[in-house]
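Just passing along the structure, written as structure tokens.
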Amino acid sequence: MSWELFWLLVEASGLTILYSAVSIVVGFFVSAAVCAGVLSSNRPISAAARLFVSFFRGTPLLIQLLLIYYLLPQIGLNVPSAVAAVLGLSLCTAAYQAEILRGGFQSVPRGLIEAADMCGLSAFATFRRIRLPIAVRLTLPALTSEAIMILKSSSLISVVGVVELTTMAKDLASSTYQPLPIFAAAGFVYLVINLVVAGFGQLAERAARRGHA
Amino acid sequence: MNRRALINWSLALATGVVLGTALPSAASADVLETVKKAGVLKVGTETEFAPFDFIDKGKHVGLNVDLFEEIGKEMGVKIEWVTLPWDGVLPGLETGKFDIVAGPATITKKRLERYKFSPPIAEATVAILKKKGDASIMKPEDIAGKPTGAGKATAQLAQLQEFVKKLPKQGEVKEYVGFNEAYADLAAGRIAGVANSLPNIAFVAQTSPVFEVVQPTFGVKTYFGFPENAAPEYASLNDAVAAAMAKIKADGRMGKIQKKWFGVEFDTPAEVKDPAI
Amino acid sequence: MSIVSAIRVSGVVKRFGSTAVLTGIDLDVPRGAVTCLLGPSGSGKSTLLRCIAFLEEATDGIIEIDGEPLGFGLDPDGVRMRLPDASLRKVRSKIGMVFQQFNLWPHMTALGNVAEALVTVRGLGRVEASEKAMAQLEKVGLAQRATHYPSELSGGQQQRVAIARALALEPKIMLFDEPTSSLDPELTGEVLNVMRSLAETGMTMLVVTHEIGFAASVASKIVFLDHGKLLVEGAPAEVFGKPRHPRIDQFLDTYLDRGAAGLL
Amino acid sequence: MNALSSIFGYLHGDDGWNILSGLANTIILWLVGSVLGAALGFFIAVARRYGPKPVDWLLKAHVEVIRGTPFLVQAYLLYFGGPYLCLALGDGSVCLTLEPFHAGLLGLTVYGSAYYSELFRAGFEAIPRGHIEAATTVGFTRWQTLRRIILPEMTMLVLPSMVNMTILLLKETAVLSIISVKELKFQVDIIGNRDYAFVESFTILALVYWALVEICGAVGRAAEARLSRYRFAHS
């Protein structure tokens, strides 16, 4: 396999990284809200949040992307490829992240929340300043896994017309009839990106461990 | 009870949402007019189907690119390519994300029920691709008793299955998610031959040093065409494309393009109304 | 008119499902003094304290802080009713609480733990909040440890930070729920010392503890609970002096060596 | 629109049977793959925690490589890579080549194990040291401590992420159609490709996967409810 082909893969990985990174960040904020909704004692809010998780976790991402890309324009919302890609990825990861966070929230020792109550923190302040940061710390390895998962799932955004790493690899494989070396090379590029992500995850874990009771 | 209600509700919603995509788009303005006004014809395709559409050194090239360039000239519009995986291409055509699909697809009875097809652009008749130097297969009948394969649910697979059934000894016919995977298994030695349309495998053999075409073709004669939207507002556009292609065929440009990408020219009828399969 | 008690508990009942933990408690906690809640395990003393902090909702009865009802009040017809959350927050802001398990937030430094509520609740700027928090840490002797995380502090130090955190909000009343029970004996002293000097400033304190020595020497009032009921209350000399209630004898036998009980 | 009726049209006859057999394969691959994957993942997590340093490094490298590359690539290399290597090294006469289904199951197990092991690792980290020390002091062996103390305690934290991961594994089974494992997506795609009925085939896929995910989620919730007695053991 030539350097020229490998370089094409590296170039395509730029979009993989860009779309994944934006979606992970957007998805995190959505997931925090969804998780708060799931744990809420308000029944309609909780039911809506559960339905969100059920739908975006339950159906294949490919189909979610198709719905966003093809269905929304029919109700008058013209979504460009880039927006559809980010929307699909971030809503899907939000559903998964929300479930991960839920496990974390339920493991936050009750005493810490009681202490916040006694200090007069409002429910929202307790959520934002105490429960969320601790839940994130407890679930860092799972959240890192999810980030890596999304990096890889982003291969599906080709269905809305964004040519990223996997699609480029498939294209090259089918035009050169050398699928094995090209897929191996694409796998290597993914590995490098994900090792960097896993490395950041580990740094975060180490920092979090310092502040552990 | 609460949970069950939730599930039912979700399913109903999903069905509604998914089926919604199948509804014809509300816009009923004549598509040809819209295309002319914008000066742009949007063409959807996948890029894993050499030599029709593929990526060479990072650029989208192939017979379709050349052919649509000419069609655009005839119609006085620019061509805008939208490349998607094949799964997403036809839903895109149905929901109006683009005006025509550059597939190409083998024209079959079942597919004609759902879509219109442009005039044929090449023959799709099937031949066998083997590993270079495999002396045990010199004609199609030599695959008797040997494992072979093709892309699943393709017209070519159906032809191969028909053909194998009539041989004295029947080998296994494997189905692959796409032809590229079938080629990979041929290279890996799991199967002895891949059945695909002659234009495709001729190009494969020309590009890759490890494969070779077994002549002649077998099975019934079939043709490749471009899928088109069957809704009435597309009728004038489909006619305009057909007229442009007729002109391109008549003055020899089509032959040149075929020669460039297939190495041979094909004689194709003006229209396939009643396909053999 | 008599002086309003810091805390007044009237007719408080607490049931968890079918088990009654408190079966009707009436109690007055005087201002500016230390009151100790004693009693064997399971007597309901921690539950009572948690009801007073409104971490548990009493099943029945009224709790007044500084003359104002907490969580539940009486409507004009004398029927018990839930009060709005705003009133709950306002009344509860008069109370500071220290827990057995410290409950420091693990992701914040000592200083961060103390300053947090000053910023998010009181709305102080970061700088001002830090200065105030630092002053509190100095009072409990931990100014040098301000940037340490809870996991880097000993149990005694963590509990002193927790006291500083409660004090930073300038409460009128401090509740202590077995503040030294999860500490090694040699770390107990440093926490008790901080509590002693806090008592000397005239802070109203209600302390659930098994430190009988501390109770006897610092408290002005001892309240003894048994089986969810208030058994004895009074000055240490009255409660511990002879003749003693037989349950208190039994209790002292359990918590002190037999010989030591005789010394009291 | 008659999409709904054409969907039902595909659910009986030969197409219906093919879809059903695909569904059966998907469920077998999913269940066996995730059970084996979770078991392997647990042993990886234990070995990394209690084993010697080199074992930890080796397994960490394994986990990062498996996690870091797409399942598509792994399945591809596992299925096509072996024969290629054999052909490169000799005439290909002596060569272990895996059937698609076996290659798929093996790939799924190994892929899942890497992710599961990371979840278990997080679970170990979250358990207060004191609880483990307490078990040691009452004379539990390491294995007993693991089984009786650590496992139940960390389940609460880990369970939702485990359910997540198991659902993700379900969706990864669809990737196996690339190495011609005849699972659900492979069979449903046949209809889509043959008749160009993609909207119908996508709807069928979405509904079936959603139903499976909901079942998995319900099992997870039931397990959580049973295990909730381990929560709030303090105070």
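To keep things simple, chains are lettered A, B, C and D as they appear, and every chain counts its residues starting from 1.
Rule of thumb we're sticking to: a residue touches a chain if its C-beta (ideal position, glycine included) is under 8 Å from a C-beta of that chain, and two chains touch if they have at least 3 such contacts.
Everything quoted here is computed from the prediction, not taken from an experiment.
Engineer: Which chains does subunit C share as contact partners with subunit D?
Structural biologist: Shared contacts of subunit C and subunit D: A.
Engineer: What shortest step count links subunit B and subunit C in the network of chain contacts?
Structural biologist: The fewest touching-chain steps linking subunit B to subunit C number 2.
Engineer: Just grab the chain with the largest centre-to-centre distance to subunit D, centres being mean Cα coordinates.
Structural biologist: Farthest by centroid: C.
Engineer: Counting contact pairs per chain pair, which pair wins?
Structural biologist: Chains A-D share more contact pairs than any other pair.
Engineer: Per-chain C-alpha centres versus the global one: which chain is nearest?
Structural biologist: Looking at where each chain's C-alpha mean falls, the closest to the middle is A.
Engineer: Any idea how many Å lie between the Cα centroids of subunit A and subunit D?
Structural biologist: The computed centroid separation for subunit A versus subunit D comes out at 18 Å.
Engineer: Centroid of subunit A to centroid of subunit C, CA atoms only: how many Å?
Structural biologist: Using C-alpha averages as centres, the distance is 45 Å.
Engineer: So, what's the distance in Å between the C-alpha centres of subunit B and subunit A?
Structural biologist: 35
Engineer: Specify, in ascending order, the residues of subunit B that touch 2 or more different other chains.
Structural biologist: 7, 10, 14, 18, 21, 23, 87, 91, 181, 184
Engineer: By the touch rule stated above, which residues of subunit A touch at least two different other chains?
Structural biologist: Where subunit A meets two or more other chains at a single residue, that happens at 54-55, 58-59, 62-63, 66, 109, 111, 179-180, 209.
Engineer: Specify, in ascending order, the residues of subunit C that touch 2 or more different other chains.
Structural biologist: 101
Engineer: Please name which positions on subunit D make contact with subunit A in the complex.
Structural biologist: Result: residues 64-65, 67-74, 76-77, 80-81, 84, 115, 118-119, 121-122, 125-126, 156-161, 163-165, 167-168, 171, 174, 202, 205-206, 209-210, 213-214, 217, 231-232, 234-235 of subunit D touch subunit A.
Engineer: Flag every residue of subunit D that touches subunit B in the complex, lowest number first.
Structural biologist: On the subunit D side, the touching residues are 1, 3-4, 80, 83-84, 87, 92, 97, 177-180, 182, 186, 189-199, 202-203, 206-207, 210-211, 214, 218.
Engineer: If you look only at subunit A, which of its residues touch subunit B in the complex?
Structural biologist: 4, 8, 11, 47, 50-51, 54-55, 58-59, 62-63, 66-67, 69-71, 73-74, 158-161, 163, 167-168, 170-177, 179-180
Engineer: For the complex, which residues does subunit A have touching subunit C?
Structural biologist: 109, 111-112, 114-122, 125, 129-130, 133-134, 137, 208-213
Engineer: Which of the residues in subunit B end up touching subunit A in this complex?
Structural biologist: 6-7, 9-10, 13-14, 17-18, 20-21, 23, 25-26, 47-50, 54-58, 82-85, 87-88, 91-92, 95-97, 180-181, 183-184, 204, 207-208, 210-211
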